[in-house]
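Look for chain A in each of the two complexes below; its partner is chain B in the first and chain C in the second.
The block that comes next holds the complex of A and B.
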């Protein structure tokens, strides 16, 4: 296909991607170097029946003028990256100097908002992804062995946790484990602990979010593995059996190697999706005990009265760096494969 | 099943059946429970005394004279104007799906037919774009949109979701067009068609299965989106998902949590139907990416 025809065909698609994905990344990088205007205060004299007093007020007129002149705010270079709510170099330095041992130091790091979110996001990504894949694999093995007639309905119900909107799915679970919901109330009875609740401890909140993540992620692995199981060659299975392989050995040495390329694909997709974990934190109202990088950005933009563009942009840039690190192995491998082919 | 290698011992059959039953309960019970409970009053659905109340509904019976009540739905749809959000969702999903597919089929077709090196780079860039958390992109739009005064309206949101959708759509349709033989459109070009005529007259008639599958996923992405719609739409233009999120703050405090439950069930219902009718396409779409990508 000549270049000009190719370009005509791909132009609309390329245009929206450049305008709404590539450009915003640049815009975020630029915004992260700026910080909101300082509040301009004026002294106002208030005279009442009991004499006069002066008080400090925000000069809204001057603020509006400043925002008009430079809507981005003041130039701050990399200052936002270094401050307490981001990389917090000063605080981290102090923690490493003062605390003895790795565990207390990590515990102290959890009080810094950025590191708290980073640690949760990484934990969520690397716990939920493998667990979801393992659960999906076993469900696929199980569904593969049930009578054909039942497969349709079983697949229908298995798809639901993945298809349903993440926010809605997490709300449905949240209402059930709520202290007056069906699971929460019965757990309280069962463990004889009327104070037991999801919000009681960070550990419980984390575990709940992980369980939600596995529940939401497993169907995808299930469907892909299930399709893969249909293509496992019967001959190989039979010859393995003749060689004396037990059922588990057949799964271990025939089925799993056959599904390995699919597993890499699932892992890639799931890592990308789990790294942006966000909706369940809103759905479970878990922000007090668990925040993710995406949540921090959302909170900067919608949580406060005026959106903190600079702060949100700095967190965004750090998140993008995280995504690139996460994708690095895949990109390098694809690049090598591609060069070999050419 | 006839093959001997696939026959199983009784213990294994029992064990795997039990496992599947447990999985089905875990996967489906929360939804069935919430759908059932949405027709009760709050004191029953969130009963502190006995969970069986949510099934039988004694308080609902006492207050309304019947074991089922549509009060939650009335409150959500009429009082809180959830219908407005439903209409907005309809507009957003329809336009996102149509525009995504138009752009995606053209782009995917070009990527599948061009043998040049830059197609690889475009696909790789699309993969990186696909991995970007949506909220990081939104934080890049927000300030420019405020300044251009296009924040809060549906068209802005639609085009943003289309763009975010595009990497996925491109990958999926690219691998689909690879499976359509090249000879088909090339022979049309030998007969004197231009590239575009060949696309229109030869490729379009055979592309519908792939396009419908991709369209389902575009629809799902637009329907399920919370990040973009919550940040880019003003109060009166909200779609269903951000509307439900805003219910949480306002109605939970007033003891109207059943409004939120009813809204949640209303948002799940279309998805139920979608999976019911398009299960085969969804399954094949999920696997297509894995097998070919």
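The block that comes next holds the complex of A and C.
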């Protein structure tokens, strides 16, 4: 294909990608460098149904002038990235200087909102992604070997966790694990501990979120692996059988190598998805014990009456950087495979 | 687009009009577009305003719990998407901060004959909002359970803790207490109540510098922690909606809950008539030997957008005045604690009225209070679960406040 034809062919999608992916990211990056103007406060008397009080108020006319002069606000360069709510360089430095030993230092680090969210996000990503893939793979193997008649309904039910909206799925589970819910109450009976609560203890909350994550993520792996299983060459399988390979050996030495490129693809998608974990935290009301980077962004924008756009933008950029770092190994691997084929 | 919008609005008005008897509100012409939160009392008010719709007056409404998140954007456009924003004393702050609502003095002089002086929210001498109902968290207790345990009704948090111990010891209720401890708005509001009960100040006077790391702050948190010992194990996920079924199932005996939800808890035709019959409402308790209740007072009221024509502003004000006319408060007395003239408090209003009379403070309307409130909501949970000290939790909240307030331009 001549280069010009290729370019014409790809131009529309390039344009759309620029417009809907690159530009918004650039605007977010630009936003993250700014903070609000210094608020000009004046003392005024305020009265309401419950009495009068002298309070500070924003001088809106003066603020309008400032906003007209520079609508983006004050340029803060990378200040927002460095502050306590984000990378907290000053605090982290102080912690490593002052604390005795690694464990107290790490504990102090985890008290900083960004690192607290980061550690849960990473833990969620690295626990849910492999477990979801393994579960999805075994479900695919199972479905592949059941009689044809049953396949349709079984596939439908296996896909349900993905069909159910994450928020609804997590809410349903949230009610079931309530200490008076069907799972929560039975666990209390089983372990003979009336104070047991899956919602109160941080560890159990994390475990619940991970389990929910695996439940929700497995169907995607299942669908892709199941499609892949249909392409496993029969003659290779048959020759393996003639060589006396057991079922497990056939899976290990024929099926898994055949599905490896698919596994890379699933890992790529799932790592990205799980790194942005958000809905279960809302659905499980788990913010007391587990916050994620996406939750921080949400909270900056929706937590208070005045949204913190700069802060949310900075966390968004850090999330993008996190995703890129996370995908590096997979991308490098794909690149190598590509070069080898060429 | 514009004509499409106009057509939609007109169609909406046409659809809405036949359901209400057309009333003469004295409006010649104009457009009334109401944005408000979504609960019963506000439905009543908006329905009242909708009665003013006529051939020349269109009245539309958007009642959504997301109102806080769209109001600033919706009122910033010129002309504003909504002419009326129904707000409370926290959600009016962003509108004031950005100068998006207009002074109402002229309109009050012209059409406000029915208003009580206490309904006028004055900022710097100018009326910026018209309050029409009040709300507060206050005490609910089960008189049958307290009597069974031989206890007097509590009036302070110290009483509540002592009573809870007795109720548990005698095996009457295993988890006698409940409170809105879910991180975010609920937890922050509980702390604000308790801290004010101890006589705390959130800021150094005349500055935006937070001043919550002190003995009163620690005492407030310790009291909340002590209460959590008498609650069900899931207490960190409790909010009003979660507590209601627990109350109806007699799992809880003493509760500090929202006045706006009280009518559902004392409703003898509700799901638990016996519980409702024994539920008593009272003023919010005091704490630490203080004399004023550990509670904050809230008002709901309406504001008129700045970026609209004077004609629409006048029409909007008249329509809203029709929505909060004295008859509304008389006909719909049980749905709210109305601040409207001629309102007779119903049994459901007792808690809020008593709290008001006992001198509770209003929720601060300071421009930077929202920032501190968010910081509190996000940083107190670790203490409540015993993972860090009260001082540490308050310091974390202060640090989060300082960072956010710096970004918002309140601190340097």
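Keep in mind that, in the parts below, the second predicted complex is superposed on the first by the 263 of 342 C-alpha atoms of A that agree within 3 Å, B and C clash if a C-alpha of one lies under 4 Å from a C-alpha of the other, contacts with A are read in each partner's own complex, and residues count from 1 in each chain.
Here is the rule we go by: a residue touches a chain if its C-beta (ideal position, glycine included) is under 8 Å from a C-beta of that chain, and two chains touch if they have at least 3 such contacts.
Owing to the predicted nature of the structure, the values given are computational and were not obtained by experimental measurement.
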item	value
Partner chain in contact with A:20 - chain B first, chain C second, else both or neither	first
Partner chain(s) touched by A:85 [first = chain B, second = chain C, both, neither]	second
Partner chain(s) touched by A:31 [first = chain B, second = chain C, both, neither]	first
Which superposed partner A:316 touches (first chain B, second chain C, both, neither)	first
Chain B versus chain C as contact partner of A:176, first or second or both or neither	first
Which superposed partner A:302 touches (first chain B, second chain C, both, neither)	both
Which superposed partner A:204 touches (first chain B, second chain C, both, neither)	neither
Which of chain B and chain C A:56 touches, first, second, both or neither	second
Broader residue contact with chain A after superposition on the shared chain, chain B or chain C	B
Contacts of A:105 with chain B and chain C, given as first, second, both or neither	neither
Common ground on chain A, meaning residues reached by chain C in one complex and by chain B in the other	178, 285, 302
Partner chain B, residues of chain A touching it in the complex	1, 3, 5-6, 8-10, 12-14, 16-17, 19-28, 31, 71-72, 135, 138-139, 141-143, 145-146, 148, 152, 154-161, 163-169, 171-173, 175-176, 178, 180-182, 185-186, 215, 219-220, 223-224, 227-228, 234, 237-238, 240-241, 247, 250, 262, 265-266, 269, 272, 275-276, 278-279, 282, 285, 293-294, 297-298, 300-302, 307, 309, 312-313, 316, 319-320, 323-324, 326-327, 330-331, 334, 338, 342
Touch list for chain C against partner chain A, complex	68-69, 89-91, 93-94, 96-99, 118-125, 131, 134, 174, 182-184, 206-208, 232-237, 297, 299, 339, 356, 360-362, 364-367, 370-371, 373-374, 377-378, 381-382, 384-385, 387-388, 392, 396, 399-400, 402-404, 406-410, 412
Residues of chain A defined as touching chain C within the complex	35-39, 41-52, 55-58, 60-61, 63-64, 73-74, 80, 83-85, 111, 113, 178-179, 194-197, 199-200, 202, 285, 287-289, 299, 302-306, 308, 310-311
Residues on chain B engaged by chain A in the complex (per definition of touch)	1, 3-6, 8-9, 12-13, 16-17, 19-20, 23-24, 26-28, 30-31, 33-34, 45-48, 51, 54, 102-104, 106-107, 109-111, 113-117, 120, 122, 124-144, 147, 159-160, 162-164, 166-167, 170, 195-196, 199, 220, 223-224, 226-227, 230-231, 241, 244-245, 248, 260-261, 264, 267-268, 271-272, 274-276, 279, 282-283, 286-287, 289-291, 293
